[in-house]
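Both complexes below contain chain A, partnered by chain B and then by chain C.
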Partner chain A sequence: MIETLPAILIGAVLVAVFSIIIGLLLMGFDRIVAARMQARIGPPLTQPFIDIRKLLAKENVVPENAIPWLFNLAPVIALASAITILFYLPIAGFAPVLSGGGDLILVMYLLTLPALALVAGGFASGSPYATVGAQREMVTMIAYEFPLAIVVVAIAWRLAAEGISLPFSLATIGANPVWGLVGPLGAIGLLILLVVLLIVTPAELSRVPFDTPEAETELAGGILVEYSGKNLALFSLTQGVKTVAMASLVVALFFPYRLAAIAGISGFLGAVIDLLFYILLITLVTFISVSVIRVAMARFRINQVVSVYWIYLAIAGLGGLLLVMVDQIMGVV
Partner chain B sequence: MKIPSSFNRSLWVFHLNTGSCNGCEIEIVATITPRYDPERFGIRLVGSPRHADVLLVTGPVTRKMAPRARRVYEQMADPKVVMCIGTCGQSGGVFFDSYNLEGPVDQVLPVDVYVPGCPPRPEAIIFGVVKALEKLERLEAQQ
Partner chain C sequence: MVSATSLTSGFGIWDPVLWVLAIIIGLVIAWILWSSGVSAFKKGTEQARPYLSGNAEPPKGEVHIRAGNLYWGFTEGIKGYYQRIVPLHTGIMTDYLLWMFWVAGILLIIVMVV
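Let's turn to the complex of A and B:
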């Protein structure tokens, strides 16, 4: 546990730098993988870094009918809140920087903050395209919150049913991998919940097929339409950090395993192995829930996004929750 | 304005049709297909002029499109390059004596690179992008 203020500050800076670098690498990885799936060669792995450097060197245009302070503040808030999520998530077995203060419920609220900053920035840009995009982002947010909540509650409920205290705490979830607690029926339920969470992830990151708020071909970039230069670079960084945060959430909920602990390696070498294993896991999650889905599918209309989440995924999630509950009750009997 | 070296490997392109017959558009779309894959060099089509570094203009400029073309050009963030794709943008092409033409593209916008052809082949468009990069490098060297 990190307690003192200087230690928290150092940890915060480390997590911020780590998440930005890994986030941009993940975006580069996603672009290469998507290119290979389309029989292309694709950009180099460092392409997002080059893009960010170019954007930082470009002029920063603020439109005439925008609200300048909100327009410029939105990208900063988006990036800051995206990094804040990672302060509460365990990374590679290291305790979260702010481990004492928050649990899964707080993480769920924090996850909406970058999206809210995007919405505020979209409305502040004063462009009709951005306004439509911001409205769609709000609708998407309302749509995916429910299945996400089902997954979180299902896991916390299973831990609580085992008599474990603080079931929403990420440290508890990390210490008690949920797969070990359930029987075969519950494992099927958990698998369904995992799939639901993997399909919530692209909406959280506004990637195809749930990139309706940005919709490059119909809304010309939607929320981001008026952003250029430094502000656009900040939003790109946010995208990368959010990818790391969502992938880390999936890993923290469903795969809180540490390779070094299983293999019995401790010390510095163990930490390095843990870190590499964690990066492998989040890369795998990104590959499945971002790259594969976005290459395989076209964009949904906004009403289809809502029905996918509120009807199909909600039913699937509730079914998974039911299976987990039935499994627990049968186990007790 | 200082042009960073990262520009050479990350060009974002915005395409504007100022009255083209759609032939050049088809060739531009052919250029971004997997066969040529310009994303290898960081070249991407973007949806908003605010994000773009290169403005691809196709077709002669009609009277209605001239103020819009100027506006799109002004909306782009500096530093920026204008590329004129196709014969029509250079001379008016088959539409040269039409009553509703403002004139070739360079009467309206400061064009940096011309790609001739009716329509130009994808190879020619990629060659034009290379020329644009060379121009950027030359500007960089002058600073």
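Let's turn to the complex of A and C:
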């Protein structure tokens, strides 16, 4: 491990910088397309960068009811843990920085860390709005974990059924695109699982219709109501990095394809083509699961969020899993 | 590739040492960004009062969310399940034992058949 330590450090820093920049660009893209769908012009693509720069120059108010050390620590932990997720995900055809250091199950747990930091920050704010927001964030987190787990298990189960070892490994999933292993029935099942994952994404990112923890019109920002200045800047950056992480997870699970490899192009040009293809894919995922959904829908109440995930999406996910299993059994018979 | 310090279960892998390294790198990057911002604010002024849409702050005991209400949205969202499952928790030991035997019997049948 000592030999690879410098490579890990360089790779980690590059991934962190890349994810922050692409995350902010995706947030800018989302704002533009959402505005266009509402017949508005919208802000420039670089607006999130301008917002972050402005927030870093603003006062960092710590409310008198807050627990200052936890209030200030929460955004740092949220951003750090969001960046860490990307160390385990393949990006632009490159193997994960910490390939072999963790798998999908670890990624699922790591996805909860930024949300837990947000909850800790909300409770540490000492504000009634933030406390209600933190409570809702916890409930939302419990709600979407179940359908997310079904999707992950379904894909790993299909790989394991083929006798492939380490089915939860993202390298394994990348080397064995799951669409190539299933028949028509399994493809329908996978399509359902993809839709489930695309609907889990806005809840992971606290976006409409699952933004009940923030609920600007109801809780005045809820969990983030007391945050300002550099603390709010870090939570905004976390949002951007998590957008990249969730979109990368969707791509890694369902579209682990490399355009350059398909076209037979290698070397630097191949890497550039793969990078552009990856950015196109995560932009498409963001467009569908964030922009379109948030423009088309109004906010759910917190109890509706739970019903959507634990009843409707869980049933849909289990149905998808069942189809994948039946497809595999029929294929064997 | 599985690193030397990895914990493996045959299906899953996790290397806690690498994760600690990863979170340290993440924390350093996040801290650098955090410390590049302004830290000052006007302590003891209206600015530091909690925001409540202009309303007076109620006593803390009245806005505290009790543990029983912490998961309100969750229990409300699937109340159909809870309405059926809560009355089954009678607090009578023989009821629980009966449930245990039922579940053990069903599991035994499943295991024997499958």
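In this text, the second predicted complex is superposed on the first by the 330 of 333 C-alpha atoms of A that agree within 3 Å, B and C clash if a C-alpha of one lies under 4 Å from a C-alpha of the other, contacts with A are read in each partner's own complex, and residues count from 1 in each chain.
As a convention for this text, contacts are C-beta pairs under 8 Å (C-beta built on N, C-alpha and C of every residue); 3 or more make two chains touch, one makes a residue touch a chain.
This one's a predicted model, so the numbers in the text were calculated from it and none came from an experiment.
By the touch criterion defined above, A:Arg31 reaches chain B but does not reach chain C.
Looking at the shared chain after the overlay, A:Ala39 reaches chain B, while chain C stays out of its contact range.
With both structures placed on the common chain, the touch criterion links A:Gln47 to chain B but leaves chain C unconnected.
Contacts of A:Ala80 after superposition on the shared chain: chain C is touched, whereas chain B is not.
By the document's definition of touching, of the two partners only chain C reaches A:Gln135; chain B does not. Within the superposed three-chain model, A:Ala57 lies in touch with chain B and with chain C [touch as defined at top].
By the touch criterion stated above, A:Leu234 is placed in contact with chain C alone, chain B being left untouched.
The partner of chain A that touches more of its residues, comparing chain B with chain C, is C. Contact with both chain B and chain C is seen for A:Glu226 once the two complexes are overlaid on the shared chain.
Touch criterion not met for A:Leu185: it reaches neither chain B nor chain C.
Comparing the two complexes, residues 57-61, 129, 220, 225-226, 229 of chain A contact chain B in one case and chain C in the other. Partner chain A is touched in their complex by these residues of chain B: 1-4, 6-7, 9-10, 34, 37, 39-42, 46-48, 50-51, 53, 75, 77-79. Taken in their complex, chain A has these residues touching chain C: 1, 8-9, 12-13, 16, 55-65, 72, 75-77, 79-84, 87, 97-103, 105-106, 125-129, 131-132, 135-136, 138-140, 142-143, 156, 160, 166-169, 171, 212, 220, 225-226, 229-231, 233-234, 237, 301-307, 310-311. Across the complex, chain C meets chain A through its residues 1-6, 11-15, 17-19, 21-23, 25-27, 29-31, 33-34, 36-42, 44, 47-53, 57-58, 60, 63-65, 69-74, 76-78.
Chain A contributes residues 31, 35, 38-43, 47, 50-51, 53-54, 57-61, 129, 216-217, 219-221, 224-229, 232 to its touches with chain B in the complex.
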